[in-house]
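Both complexes below contain chain A, partnered by chain B and then by chain C.
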Partner chain A sequence: MGFKLFQTIFALLFNGIAYGMILFIISAGLSVTMGTMRVVNLAHCGFAMVGGYIAYALMDRLGLSFSLAIPAAFVLTCLLGAVLEYLLYRGIYRQTELKQVIMTLGLALVMIASVNLLFGASVYNLNVPSTLSGNVEVFGVGLSVYRIFLILVSSIVGLLIWYFVERTYLGKKLKAAVDNPGMARCVGINVDVLFSGMFAVGCGLAALGGALGAELMPLQPFYALKYLVIAVIVVSIGGLGSIKGTLLAALALGVVDTFGTYFFSDIGAFLIYFIMILVLFIRPQGLFGRRA
Partner chain B sequence: MKTGIKSLVLALATTAVLAPVGEASADEITVGIIVPMSGPIAYWGTQFQQAAQLYADQHGNKAGEHTVKLVFRDDGGLNPARSRQMAQELVVREKASYLAGLAVTPTALAAAEVADKAKVPIVIFNAGTADITRRSPYMLRAGFSQWSVSVPLAEWAAKQGDCKRATLAVADYAPGLDSLEAYRKTLTQAGTEIATEIRIPLATTDYSSYMQRIKDSAPQCLLMFQPVGPQAVGFVKALESSGLSSSGIKVLGIAETQEVDLPVFGDSAIGIITSSIYSPNNDTPENQKFVAGLKEKFGPKAYSDMASVEAYDAMHMIFEMIKRTDGKGSGAESIDSIRGMKWVSPRGPVSVDPDTRDLIQNVYIRRVEKMADGSYVNQTFFTVPDVKDPWKEQNPE
Partner chain C sequence: MNTSVLPGDSFNQHHWSIWDALPWVLGLAVFYLFDGYLALGTIVIIMIIACMSLNLVLGYGGVETLGHAAFFGIGAYVAGLWAIHVTPEPITGLFAAAAVSALFGLLSGYFLMRMRSLTLLMLTLAVGMAVYEFANKWSSVTGGDDGLSGISVAPLFGVFEFDLVGRTGYLYALGVLFIVFLLFRAVVCSPFGLALRGVRENIWRMKLIGSPVTLRLVTAYTLAGAIAGLGGALYAQTIQVVGLDSLSFELSGNLLIMVVLGGVGRLYGPFVGAIIFLLVQDRAAAFSPQHWMFAIGIVLILSVKLSENTLIQKAGHGLKKWTMW
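And then the complex of A and B:
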C-alpha cells in the first residue's frame, strides 16, 4: 500500500511538473511584456497558437521534421511579433489600460478568425517523432517520454532566459531600461529597439510553448482565448515581470492542479483559483512582483 | 429590458396571427438556419452548413411547387442570447416559416423559445439533453438524446465477458452527466460493478491525474464521454501517453473518435469502441450518394459525419413539411404532417416519433480501425435497431 501511494504521488508529481513547465514557457513572455513593458497583452496566447500552427503547417504541409519545425516556429513567430510590435503595439505603450485591452483583444480575435479561415475549426496536434513517444518505467510507473522531453527543454529554455537577464551585458541594459527608461536613454541605451527585441522574443517563447505543448493543449482556433486565463493566472501569481516568480507559479499551479484533481475530485479543479484569490489577497503584486 | 422582450414577443405573436405561415410570400419559403460558424464550437457550423446546402441543391431548392430559400445565421457558438436574437431576426425580418440549426442545448432552447412564441416549427440539428423536445410542441430534433446512444453502449458492454468492473469518466456538464447516469443505471442493472465515477471539468487542460485515477481504480473497461474537439482530443491523447490505451482496459465512448478528430490520434485510437447514430462508411446507396455529394460540391476534403447527417435529415423533414402542407400549413399542421414519417436516411432507416418529435433510429456500435490507405474509420460491427429515447421511456410525462 505504501509503495503504491508513493508510485501515485511520483506519477502525479512528474505530470504536474511537466504541465507546469509548459505553462511557464507560454507565460514567460507575457510576464515580460506585462511586467516590464506595461502592456496588457491579451493577444499573447494568440502568439502561442500561431506558433503551434506554424509548426503544424511546416510539418504537415512542407514535410519538415519535428526538430526543425519547432525552432522555425520560434523564429517565425519572433519575426511576426517584431512586425506587429512596430505596427500596432508601439501605438499603445503610453495609452490607458482599457485601450490596450481593446486593441490586444481585437488582435486575438483577428488571429482566431485567420486561423479558422486558413486551417478550419478542427483540432490539430503535432506528430511527435517516434523516439519521443511511448513510456519508460521508473519505480514501476510509466512516464511519458514526451513529458520528460518537455521538462528538459523547458528547463534549458528557463536557464537560458536566466543567463541572459542576469549574466549578459544586454540583460543588464534591459534591466536598466525597465527600471528607468529615461535614465537608460540618457546613457545611450536604445530603449525602443531593446523593447521591440524583448517583445519579439516573448512572442517566440509563447510560440515555443504553443508548439511543444500542443500535445497537452491541442491546437484549435479558440486556443488564443481558451488558455489565456491560465497564462494570466500564472503571471499574476508569480508577479509581473519576474521570471523566477513565473517559473515558481507555473510549477506550483501544475502540481497543485494534478494533485488537486486526483485527491479532491469535486473541488480539485478549482483549487488553482482559490490559490490565486488567496495569493492576490495577501500579495496583490504577486509572489515576486514589485509593488507598483 | 423586460418590457422590451415582452413587446417583441407580442409583436411576434401578432405577426404570426396576422400572417399565417406560407401566406407571407406566395412561392418562396424561407428556412432560417442558425449554426455556430465562429467561436469555440465552429467545427459544427461548417458541417451543418455544407450538408444543409447539399440537400437543397440536390432538390433544386424545390419542395413540391415551392421554392425554398435557406438563410444562414452565425450565432458564434455558446451564446444563447445571440441565438435567440438570430431566431427573432429570422422570423421577423426574413419572414422565415421554419427555423433549424443549433448545436447545443442552451442555444437550442433559446431559439426554440422564439419559435414557440411565433408558432414556427424548429428542427434542432444537435442538442443532446433528453427532455428538450418537451419544452415546445413546435420543436423537432434531427439529432439524438445523450441517453439514446449511452444506453445501447452500456448494454452492449455489459453483455461482453470483459466488462464486469467499469470506471465511468465524463465531462462535467449536462450531456456528460446524462451519459453518466445512463451508464450507471444500465450497467448496474446488468450486474456490472462500477469501480469509480469521475467527472472532469470542461476547462481541463492536463488530463494526467484523471488518467491516474482511472488506472488506480483498476477497471476492466472504461466508459467515457467527452465532447468533440479539444476535450476529446486531450482525453484520448492522455489515454495514450499514460499508457492506458495499451494496458488492456477496454475503452468505450461516444463522441471521442468523431471523424474530425480521428486523424489527430493516429494509431493510439485503434480499438476504441463508440456508439453513434451514424457511421460514414455505412455502405448503403443513400450514404454513398451523400458522401459523394459532399465531396463533389465542397471538394475532396469535405467529409460526412454525425453533424452533417443531422443537418441533411433536418432539411428533409422541413422540405417534407412544406410539400405535405403545400406550403400553406400553420406551424402545428406542418409538424402534424410528418409525425410518424419514415424514410431511409444516409444514417439508415429513421422515422419521426409521433409523440416525442424525436427520431427513432439505429444506433451503431463502432470500432476505430485503420484502413489499407492509412486512414482511420469508425467501423460499425453491431447495430441496435430503432432506438427510441430511453430517457423519455423511463420518465413518462
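And then the complex of A and C:
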C-alpha cells in the first residue's frame, strides 16, 4: 500500500516535472518581453505553435530527422521573431497597453488563421524517433524515455540561459540595458539591437518548447490562445522578468496541475487560476519579480 | 483647454441632435424590411450592449481588461437558471442577471481596481478563466461542456410569445438596448462620468484633487457588470441555450475588438463596432472563417500601426519644412 502510493507520487512528480520544464521553455521568452520590455505579448504562444508546426512540416513533409527539425524550428522561429520585432513590436514598446493587446491579439489571430489555412484544423503530434520512444522502469514505474529526454534538454537549455545571463559579457550588457536603458545607451550599448535579439531568442525558445512539447500539448490552430493563459500564469506567478521565478513557477505549476488532475479532478484547472489570483493579490509583482 | 496636456476630445459632451434617431430608425427598419436577418440583428443588439459595458470601463475609465466575458456569461447563466428554476418570466430574469453580474463586478472590482496595467490585465484574464473553469466543472448546475439547455421563456408582459422567427426577441432586445443606452448616456455625461474620464486621462491628478479614484472605478466596474449581465441575459432568453463560449477568452477578445473598431470611449462606438464586426463576420463565415480571422488580425495590426502616425507625422514634418521655406 505504502509502496504503491510512493509509486503513484513518483510517477506524478516525474510527469509534472516534464510538463513544468516544457512550460518553462515556452514561458521564458514571455517573461523577458513582458518583464523587461514591458510589452503585453498575446502572440507569444503563437510562436510556440509556429515552431511546433515548422518542426512538423520539416519532418513530415520534407522528411528531415527529428534531431535536425527541432534546431531548425528554433532557428527559423528566431528569424521570424526578429523580423516581426522589427516590423511590428518595435513601434509599440512605448504605446499604451491597450494598443499592445490589440496588436498582439491581431498577430495571434493571423498566426492561427495561417496555420489553419496551411495545415487544416486537425491535431498533430510529432513523430518521436524510435530511440526516444518506449519506457524505462524505475521503482517499478514505467517512465517515458521521451519525457526523460524532455527534462534533460530543458535543463540544459535552462543552464545555458543562466550561463548566458550571469557569466557572459553580453549577458552583463543585457542586464545593464534592462536595469537602465538610458544609462546603457550612454555607455555605448546598443539597447535596441540587444532587445530585438532577446525577443528573437525568446520566440525561438517558445518554438523549441512548442516543438518538443507537442507530445504533451498537441499542435492545433488554437494552440496560440489555448496555452497563452497558462504561460501568462507561469510568468506572473514567477515574477515578470525573472528567469529563476519562471523556472520555479513553471515546475510548481506543472506538478500542481498533474497532482490536481489526478487527486482532485473535480477542481481541475480551477486550482491554478486560484493560486495565481492569490499570489498576484499578495505580491502584484509575482514571487521573484521586482516592483516596477 | 490645453490640448497638449489632454487630447482635445477628452471632455466632449454629447448633445442630442437629429442624428441620434438614426440607430433606432435603422433598428426598426431592419425589423420591418429584413425579416430573415432578425436572428443576426438580435445578436448584434446583444453585443452592442456588451460592448457598451466594456466601453464604460475601458473607454471612459481607462481600465484595460481581458476578462469581460465573465460578466456576460454570468448574466447568461443566471438568466438561464432563473428561467429554469425560478420563473420563466423574462423581465425578472433580466433583473436577476444584472444584479448577480453587478455583484460579481463589485466583489472582483473591489480587489481588481487597485491594480494597474500589466498586473490588471493578467488578473482580469485569470479571473475570467477561473469563472470559465468554475462553470465548466460545476456541470450539475451549468451543464458543463454540453451547455445549459431547456430554457423556456414565458411571453413578454404575459402577451408576446417568443416566436421562432425571433420578432419578439428582436424588439425585446432593441427595447432593452434603448433603455440601457439612455442610462449609459446619462452616466457618462454626469459628473461621475467626467470624473471617470479624468481617471483615464491622469489618475495621479485625480488622486491629488481628492477624487476617490478606486471608488469611482469600482462603481464603474459594478455598473459594467450590470450592463454586460443584461446582455448575457438577453442572449440566454432569446437563444435559449447558454454555452461555455459565453464565458470564453474568445468572447472577451471579440468584445475588445468591437470596441476598438468602433472607437474607444465614444458614445456610439459600440454600435459601429458591433455592427461592422458581426455583419462582416457573418458574411465571411459563410465564405471562409479562416480568411475572416486572417483579415480581422490584419485589421487589428494595421489599426495600431497606423495610429502610430509615423507616416503621417513624417509627411507633416516634411510639409512644415516646405512651408518654412
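What to note about this one:
Following the convention adopted for this analysis, the second predicted complex is superposed on the first by the 290 of 292 C-alpha atoms of A that agree within 3 Å, B and C clash if a C-alpha of one lies under 4 Å from a C-alpha of the other, contacts with A are read in each partner's own complex, and residues count from 1 in each chain.
Note that a residue touches a chain if its C-beta (ideal position, glycine included) is under 8 Å from a C-beta of that chain, and two chains touch if they have at least 3 such contacts.
Just so it is clear, the model here is predicted, and its values are computed rather than measured.
Three-chain overlay on chain A, with chain B and chain C in a clash.
After overlaying the two complexes on the shared chain, residue contacts for A:Ala11 are found with chain B alone; chain C is out of touch. When the shared chain is aligned, chain C comes close enough to touch A:Val40, but chain B does not. By the touch criterion defined above, A:Phe288 lies against neither chain B nor chain C after alignment on the C-alpha atoms of chain A. By the touch criterion defined above, A:Asn116 reaches both chain B and chain C. In the superposed model, A:Glu97 lies in contact with chain C only, and not with chain B.
Legend: residue contacts after superposition of the two complexes on their common chain; A:Ala269 is shown touching both chain B and chain C.
Clashing C-alpha atoms with chain B appear in just one stretch of chain C from the list 59-67, 113-121 or 167-175: 167-175.
Common to the chain B and chain C interfaces on chain A are residues 112-113, 116, 266, 268-269. Of all residues in chain B, those touching chain A in their complex are 38-43, 45-46, 198-199, 201, 203-206, 208-210, 212-213, 216, 229-230, 232-234, 237, 241-243, 260-261, 264, 266. Residues of chain C that touch chain A in their complex: 58, 64, 66, 111, 115, 117-119, 121-123, 125-127, 129-130, 133-134, 136-137, 249-250, 253, 256-257, 260, 264, 290-294, 296-301, 303-305, 307-308, 310. Against chain B, in their complex, chain A makes its touches with residues 8, 11-12, 15-16, 18-19, 112-113, 116, 120-125, 127, 135, 142, 144, 146-147, 215-218, 220-222, 226-227, 230, 254, 257-262, 265-266, 268-269.
Of all residues in chain A, those touching chain C in their complex are 34, 38, 40, 88, 91-92, 95, 97-99, 101-103, 105-114, 116-117, 225, 229, 232-233, 236, 240, 266-270, 273-274, 276-277, 280-281, 284-285, 292.
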